[in-house]
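For reference, the structure discussed in these notes is given below.
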Amino acid sequence: MRSVADWLTSLQTDTPQEGFELAITLARKGVAYTQTSAETREKLRPVYADDADSLTMASQVIAIHYQTVAAANNYWK
Amino acid sequence: MRSVADWLTSLQTDTPQEGFELAITLARKGVAYTQTSAETREKLRPVYADDADSLTMASQVIAIHYQTVAAANNYWK
Amino acid sequence: MRSVADWLTSLQTDTPQEGFELAITLARKGVAYTQTSAETREKLRPVYADDADSLTMASQVIAIHYQTVAAANNYWK
Amino acid sequence: MRSVADWLTSLQTDTPQEGFELAITLARKGVAYTQTSAETREKLRPVYADDADSLTMASQVIAIHYQTVAAANNYWK
Amino acid sequence: MRSVADWLTSLQTDTPQEGFELAITLARKGVAYTQTSAETREKLRPVYADDADSLTMASQVIAIHYQTVAAANNYWK
Amino acid sequence: MRSVADWLTSLQTDTPQEGFELAITLARKGVAYTQTSAETREKLRPVYADDADSLTMASQVIAIHYQTVAAANNYWK
């Protein structure tokens, strides 16, 4: 695994919404570790951002990560 | 993550049905953070709303979020 | 979220089989909230009901909801 | 939900392997409730049974149900 | 469910790696119960083993089973 | 299961980020056990690394493994 700057030091967030935004970050990082060129990722963005199924798939990855983040925060109870 | 208005302050809901509707909101937010143009999202709606597999995929994202919301509410026991 | 009649007041069921049927209801509701026209949903039914992969995908959404319902019922132990 | 004969009275099984076979039953039931014609399901079988991705998708639904069944049996510890 | 030889007597493994290999076995068994002909499965192998998305899908089924196996082993803590 | 060198001795990591990187390793191993030729895997890389949906699918497998790793580490609380 190539050495990268620290980008994730905790799964704890103050609010459920910040947790959701962390889930989005995690989903994007999963892509970024696989396609390391930011330029290529930027080129692909208009492709999937205008495709309904691609957006649903992206939303699904966020949903899976949100399960993790929510559990890590005891569901912000 | 761009600053947005607060849209999620709690995962707690009064009933299982409200929890289901929150899961739908979460699924849509996952899309909205990825495709930020409401106009584009509106244009895509007729595409996936008339496609059986797209609807099943959308239902799946809701199902994943519903797991989170239901756990957050201790399954409304 | 448009106001709809109450359709889900509890995740508790008497038996594992009733829980499975509740999972099916949840999967269909996920579709119905997205495509609100019952007529359109009815028109799509023959499309996916005769397609093996569509059926597998539908079965998958049921499986995800069944995890939730089963947990809510402590697995009917 | 149409009335059907009882086919699921418990998620408990004696062994992890029987639990796996129950997960397969649950996956198939998810299909059968959606496509109620056994004849149509039989016709679709050769289509997906000879397609690698269809088989992987079917295996995935089994995996999701197996999570439920395994949890219901406390992982047969 | 056709009678088969015992192939799964426990979800317990000595190490996380053996658990991963058990997850692979479970994923393959999910396929084998659906397509019972070993010859057909062998014929399909080159199809999906050379397709990036098919491999990702196969990896996903393993990941789902690994969640089950890891929980069964209390994460080998 | 062919004998391979030890590559996974623990699911414990020091930080959430190392846990994420372990999840990536697990996702890749799921592919590597299925397509054992490193040369073939290398050839497939440009195919999926330039495809938005393939990247999303890869990110999803990472997300599923990350659930496991995070639970194994009690969410690094």
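Each chain gets a letter, A, B, C, D, E and F, in the order it is written, and its residues are counted from 1.
Methods note: contacts are C-beta pairs under 8 Å (C-beta built on N, C-alpha and C of every residue); 3 or more make two chains touch, one makes a residue touch a chain.
All figures in this text were calculated on a predicted structure; none of them were measured in a lab.
Novice: Could you name all chains that are in contact with chain C and with chain F at the same time?
Specialist: A chain counts here if it touches both chain C and chain F, and no chain qualifies.
Novice: Report same or different for the chain E and chain F interface, where same means the shared residue numbers exceed half of all residue numbers found there.
Specialist: Mostly different residues form this interface, as fewer than half of the numbers used are common to both chains.
Novice: So what's the Cα centroid distance for chain A and chain C, whole Å?
Specialist: Chain centroid spacing, chain A to chain C, equals 27 Å.
Novice: Quick one: chain A and chain F, Cα centre-to-centre, how many Å?
Specialist: Result: the chain centres lie 16 Å from each other.
Novice: Note the residues in chain B that touch 2 or more other chains, in rising order.
Specialist: Where chain B meets two or more other chains at a single residue, that happens at 48, 51, 53, 57-58, 60, 64, 67, 71.
Novice: Among line, ring, star, complete and other, which one matches the pattern of chain touches?
Specialist: ring
Novice: Can you name the chains in ring order, beginning at chain E and moving first to chain F?
Specialist: If we begin at chain E and move toward chain F, the chains come in the order E, F, A, B, C, D.
Novice: So in the complex, the part of chain B that touches chain C is made up of which residues?
Specialist: Interface residues on the chain B side: 15-17, 20-21, 24-25, 48-53, 55-60, 62-64, 66-67, 70-71, 75-77.
Novice: Over in the complex, which chain B residues touch chain A? Could you list them?
Specialist: Within the complex, chain B contacts chain A at residues 1, 6-12, 26-31, 33-35, 40-41, 44-45, 47-48, 51, 53-54, 57-58, 60-61, 64-65, 67-68, 71-72.
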